[in-house]
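Chain nomenclature is as follows: A, B and C, assigned in order of appearance, with residue numbering initiated at 1 for each chain independently.
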Amino acid sequence: MADTTKKTIIVFSGDYDKVMAALIIANGAAAMGDDVTLFFTFWGLNALRKAEKIKTEKGLMQSMFGRMMPRGIKKLNMSTMNFAGMGPMMMNKVIKSGGAMTLDQLLDAAIEQGVKLVACTMTMDLLGFKKEELLDGVEYAGVAAYLAEADEANVNLFV
Amino acid sequence: MADTTKKTIIVFSGDYDKVMAALIIANGAAAMGDDVTLFFTFWGLNALRKAEKIKTEKGLMQSMFGRMMPRGIKKLNMSTMNFAGMGPMMMNKVIKSGGAMTLDQLLDAAIEQGVKLVACTMTMDLLGFKKEELLDGVEYAGVAAYLAEADEANVNLFV
Amino acid sequence: MADTTKKTIIVFSGDYDKVMAALIIANGAAAMGDDVTLFFTFWGLNALRKAEKIKTEKGLMQSMFGRMMPRGIKKLNMSTMNFAGMGPMMMNKVIKSGGAMTLDQLLDAAIEQGVKLVACTMTMDLLGFKKEELLDGVEYAGVAAYLAEADEANVNLFV
């Protein structure tokens, strides 16, 4: 049965703002002593990509997807007010001037606090992501593992 | 009280990728023996439309919505990387070459596994969908029925 | 531990249709006697803005955001089928002709039923919203308050 010490969030979206919301909740819960697992799937996987280009063997669509999709958390676009990439830059400026954490610092904080980052292997196959393209320390699992964790958690969100 | 044997997902989105995520979770949970109910509302209703044109009496806006919105799960667009419909086609190709299930096969599997598909009657009225336009076997209910089921479930997502 | 008498919804989206879905669920749950808290964050904050222009001191980006983003629940755009603002107008017409509640009436009903409306202070700072710009009666809190409420609820959604 679920108790109140565990949270899961499916990070489906790869939008700067939605990933930020997920990381703020995750960091908040971890700071309160909760176990937190973030399952990155579909476009959310972009947040886990390494910034550098990694050479891998892929099919045509997957190569194209790999080139067109943002490589890592510093490259994510906003779901609205993106202004061709100016939105996230302006957000980062406001965040820094306010002494708050930028998106990549929120991810680092989550890792430091022991938030578990899981990449969905099924959608990795679909979109053509290889493990060597994703951040070190990321774990790999499928929907069964997600459901097992969600069954132990009392708050399960889809972002 | 909630136990761990029931899940609900509100399928608000009619995007190929989000509906796929919902169906993967639903099928996974059903395979593990859970009762799963998917509540299709707003654009998610498009996933339940029959592929053929059904003649119904509608107001102007609802006729227009009916014509412009995708007719059934094979016509859904992706939330990103849609490329005027090429995205889903390419996705389907990758899925088939990998031996995985396409979106419409995931829906068929969900039905076969006894996942309950519910269409939200309130948004059907709003968007002008008639029962004869939606797949056979779909159930019809409103928000009270959703809440009653969510109260019995331990994982409730909004997609 | 969670019982079945409390619900929370994070209203991240400022889309007409998503806010409507959140308010329908909130009103439904409140009508069944549940405690309901809506946490408005990021673009969802637009739904809580007063309709009139309020003079406040803001930085450049935040002024721009303030001007470009919809001022209040009557100005929200649809996530799809928006047609440059015609979508919500047509929706409202259908709603009224069907005797149902428009989006702003749903918000009023939620307030009347005692649904708690909370504005996320962290994203208010980020987007530059001041308390005097938001509706009277709105409460202010951060992620810790959200998590405390979510721990007491049995249904927690992210919209």
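Please note the rule applied: contacts are C-beta pairs under 8 Å (C-beta built on N, C-alpha and C of every residue); 3 or more make two chains touch, one makes a residue touch a chain.
Just so you know, these numbers come straight off a predicted model, no measurement behind them.
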Chain copies touching (subunit A, subunit C) - same or different residues, decided at half shared: different
Superposing rotation of subunit B relative to subunit C, computed on C-alpha atoms, to nearest 5°: 120
Gap in Å, rounded to a whole number, between the CA centres of subunit C and subunit A: 25
Of all residues in subunit A, the ones touching two or more other chains: 2, 156-158
Contact set on subunit B toward subunit A in their complex: 2-4, 7, 9, 17-18, 21, 24-25, 27-29, 31-32, 34, 79-81, 90-91, 93-95, 97-98, 100, 154-159
Partner subunit C, residues of subunit B touching it in the complex: 1-2, 10, 12, 14, 41-43, 59, 61-62, 65, 68-69, 122, 125-126, 128, 142-144, 146-147, 150-151, 156-158
